[in-house]
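Given below, in the form of structure tokens, are the structures.
In the two assemblies presented below, subunit A is common to both, partnered first by subunit B and then by subunit C.
This part shows the complex of A and B:
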């Protein structure tokens, strides 16, 4: 009997939990629209650039919301909280203290993340629906705080103030494009990593996850802080575009509702789900805006209801179940 | 005796809040659904009162009856097309679904009624005691609330449907085994919740200005009340309502009107952290 050198026992490389297939074809496909988007300011009007700008903003918000709520299952109804806090921080830093705008935006995101860590340390102890309502309560409370007289020296109270950051539309466009691509990339890394699988384990069965050694609290707080940071950086860009800041619009409930609907539409917990949802809804909104200017929020409500009843996993999940898309976490 | 007048004010306010939150608590008790459309039903009840008073010159106090009836039918309609399908599912599903319905409803109201503030200017004079005057409207509201609550209590305790509702809220499966048609009872429960909301809405229309987005402020207060009082307990609702009403009344007078609005979310978060089951609630059953 000759067990010769022909039979080498292959060393089984220990795969990390949840490492994805290392295919790179989705990224090659993504390069085509990205190069188109990079060229956009040179080939079209400021209106189209603004529409794309808002598309990036909402994609960023959706991706940020998804990192926390899509992966851990803790639905955050108070996402506008981080958007508003970061907006105020970045505006105050850039306008009042003259900080260079990328640093200002970065610090805006950091401030939102810090608030997330503080709030998360006690809010994340609450179970699902209590967390959602509690965050909504905090959102409304902090909005009131920013319009009250205690913070008025900083925030100029409830009526807000106008400002102009030293940026033009093209620069903001490229900054947001870069940020959005970066955030989608980071979310890909998170979702396909060990950390992502821990978050998904927390979503599926938190006690079970803790029983196998996953520290739910610290992982949840990290995800919460990341979600706040993403939203915060994008929000600094968003507010720079708006040139006016006031508590009612910075902490507006719509800035929570719209990303939630986008993520639910695209597919919560996936990478491209929020992007897909944001793209579809931005174009739907642009279309509706020209014909049904007053009713588009009603349509959002109807979409939410239909999604929950008919397609709870979103479009990506539906496509995966149909077999059109491979069932990996990398999509 | 200014403090006493403020306290009486707080009690009147608290009764109204308790009434508003009552329907939410009731619906949760019967079918374990957090109904975010509750505030929009209150808003619709207010607007029904307003339009009946404006267009038909009906006595605003009498409009409670058609308002309750219309919203009762409307809630049953909403239940049958959407909420029925998700009754067994997790609380989050019901949250997002009812959130979507409420978004639709307040925007629909905004489209139909525009967002101007409106109010029912119907005054029945005021009476004075304790060195202060109180509008008769508010005292009449308190009386109506007491009457409605007692009616609800008697209904739940002694009537067939009331007992069936209590049975379904305690344990739906056993209730089904006992021969109760739980689908019909849940429909009825949701309808009653809506009717209670409409009653609160009608009473609110007489006291405050109404506008399509009033639901946002109200839903938070209702949640705070239901959280403080205990999620499915009606007496808890009124206790919670009183606490919030008194806190807001004292807060408005001794602190600041704006900051008084922070009290509700603050109480909500504190209650969730330190006593999630509320004052009268039971620990959550693991069914």
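This part shows the complex of A and C:
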């Protein structure tokens, strides 16, 4: 039986979906901006580095959110729950216990993934708006818990505390650049894998997917945990940049909403959609904020409404439907 | 003698006050095509849902080769070799035609890519293999759902109104495939169908349901001439 099982998996992953998915040209194209981004700290100001740092943060969050919600269609409005938990875990490990920061960041992601597995085992029985609202409620509840006196010996309560992790802006910049590229690469592997196909099948028709032997529950929990891990690792870097942690900012709902908007703009369930959405929105927001300081949120909102109306499936889907991009999942 | 791939014993399924399936017992013969007929609302699709694990019965048991599968989940039942199609088209719309077939090959061994290409050629979908499934016409979507079922060639296939919306030439192709799978590979088919020509020309055995109960079972001729069946369809 074991042999048969291995054979089956090998068959499906090696023959899946057509040869177009195995093309590596998106990586080749990606190497050009990555080379530029590697050189950036040597040729630009700390302001530009900070903007790019936030770009990586939001790209990471978007890629992470997309792994669960973009692929399975379970819209997670409680994503900042994982972001906050990972941020606290990494800061407490690094500052209080003196753990080496890369290990602390990794364990931050692991803590978020563990919480996701526990929550997912019952939350993923809910569907549609029930799941979305349930996650939102959990986010608010856990934020309160972290502010409460019960966890105050660990979290220092609702007012939070300042800290300095032992790394400078350039190191953080490279760490986040590395993590973002790695997460996009892993996201590519997931989306074009047999596992990715199963997640998309669940999104398209969960009952139909189960009727062809796909264990929807276990696949959803795995995706949920991966999504939380991605967000958690990035969040550990994000909080190191802020040098201050308190529940209100660590569990900020904007850290859920902004990645959702970015993914919807770029293209949910795609590899490059979250990257594209995060890139466009980070720079558009920065531009608007610089030049229209009193009205930038209004302009930003109008642009978002227009984009969603004109391109409901996101930019990548729009380009695929126009025939500009091939209809392959490797984009 | 092999135990039946599907046996339903005293199954009852209620929705509120409505008994959709009422103390029903049937046995599906291995390697045969069994038809399930009955007027609308007779409980045919509910019975399929109970067998496939989508609905849990209030009473009674479902067995496959002697193993109780009543409380198994749909994916576990599928992995045991019981596949199904749905009354309404349920393809994965934002997957390409090829992806729809390959995902259905999830549990299958052998050269799945070759098999998918063969099926696409057979059903005339080969030129559209890279299109999204929702870009196909309704007829082609139906063909794709049929091809997906054939790709996922379980031991028992529950086919719910397979021929609805399919033109006669495509219907012939589908039925040829079913006979081939049945006779050459020993697959078992349990089909719900309103088209009596399909039932009479292709089924080895027919079961008729009305108001959740089995009212007749036997060969096509026996069921066709059964008074209760005539009454169920035409009234007294």
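Going forward, the second predicted complex is superposed on the first by the 293 of 331 C-alpha atoms of A that agree within 3 Å, B and C clash if a C-alpha of one lies under 4 Å from a C-alpha of the other, contacts with A are read in each partner's own complex, and residues count from 1 in each chain.
By definition in this document, contacts are C-beta pairs under 8 Å (C-beta built on N, C-alpha and C of every residue); 3 or more make two chains touch, one makes a residue touch a chain.
These figures come from a predicted structure and were not determined experimentally.
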Which of subunit B and subunit C A:205 touches, first, second, both or neither: second
Subunit B versus subunit C, judged by how many residues of subunit A each one touches: B
First (subunit B), second (subunit C), both or neither touched by A:168: neither
Which of subunit B and subunit C A:324 touches, first, second, both or neither: neither
Partner chain(s) touched by A:194 [first = subunit B, second = subunit C, both, neither]: second
Touching partner for A:301 - first (subunit B), second (subunit C), both, neither: first
First, second, both or neither for A:145, with subunit B first and subunit C second: first
Partner chain(s) touched by A:214 [first = subunit B, second = subunit C, both, neither]: second
Partner chain in contact with A:45 - subunit B first, subunit C second, else both or neither: neither
Touching partner for A:290 - first (subunit B), second (subunit C), both, neither: neither
Subunit B/subunit C common contact set on subunit A: none
Interface residues, subunit A side, partner subunit C - complex: 4, 7-8, 11-12, 15-18, 20, 194, 197-198, 200-201, 203-205, 207-216, 269, 326-327, 329
Subunit A-facing residues of subunit C, complex: 52, 54, 73-75, 78-79, 83-84, 86, 90-96, 98-99, 102-113, 129-132, 148, 152
Footprint of subunit B on subunit A - complex, ascending: 73, 75, 77, 122-123, 125-126, 128-130, 132-134, 136-138, 140-141, 144-145, 147-149, 253, 257, 260, 264, 294-295, 297-298, 300-305, 307-309, 312
Partner subunit A, residues of subunit B touching it in the complex: 34, 82, 85-86, 90-93, 95-97, 99-105, 107-108, 110-111, 216-217, 220, 223-224, 256, 258-259, 261-262, 264-266, 268-269, 272-273, 276
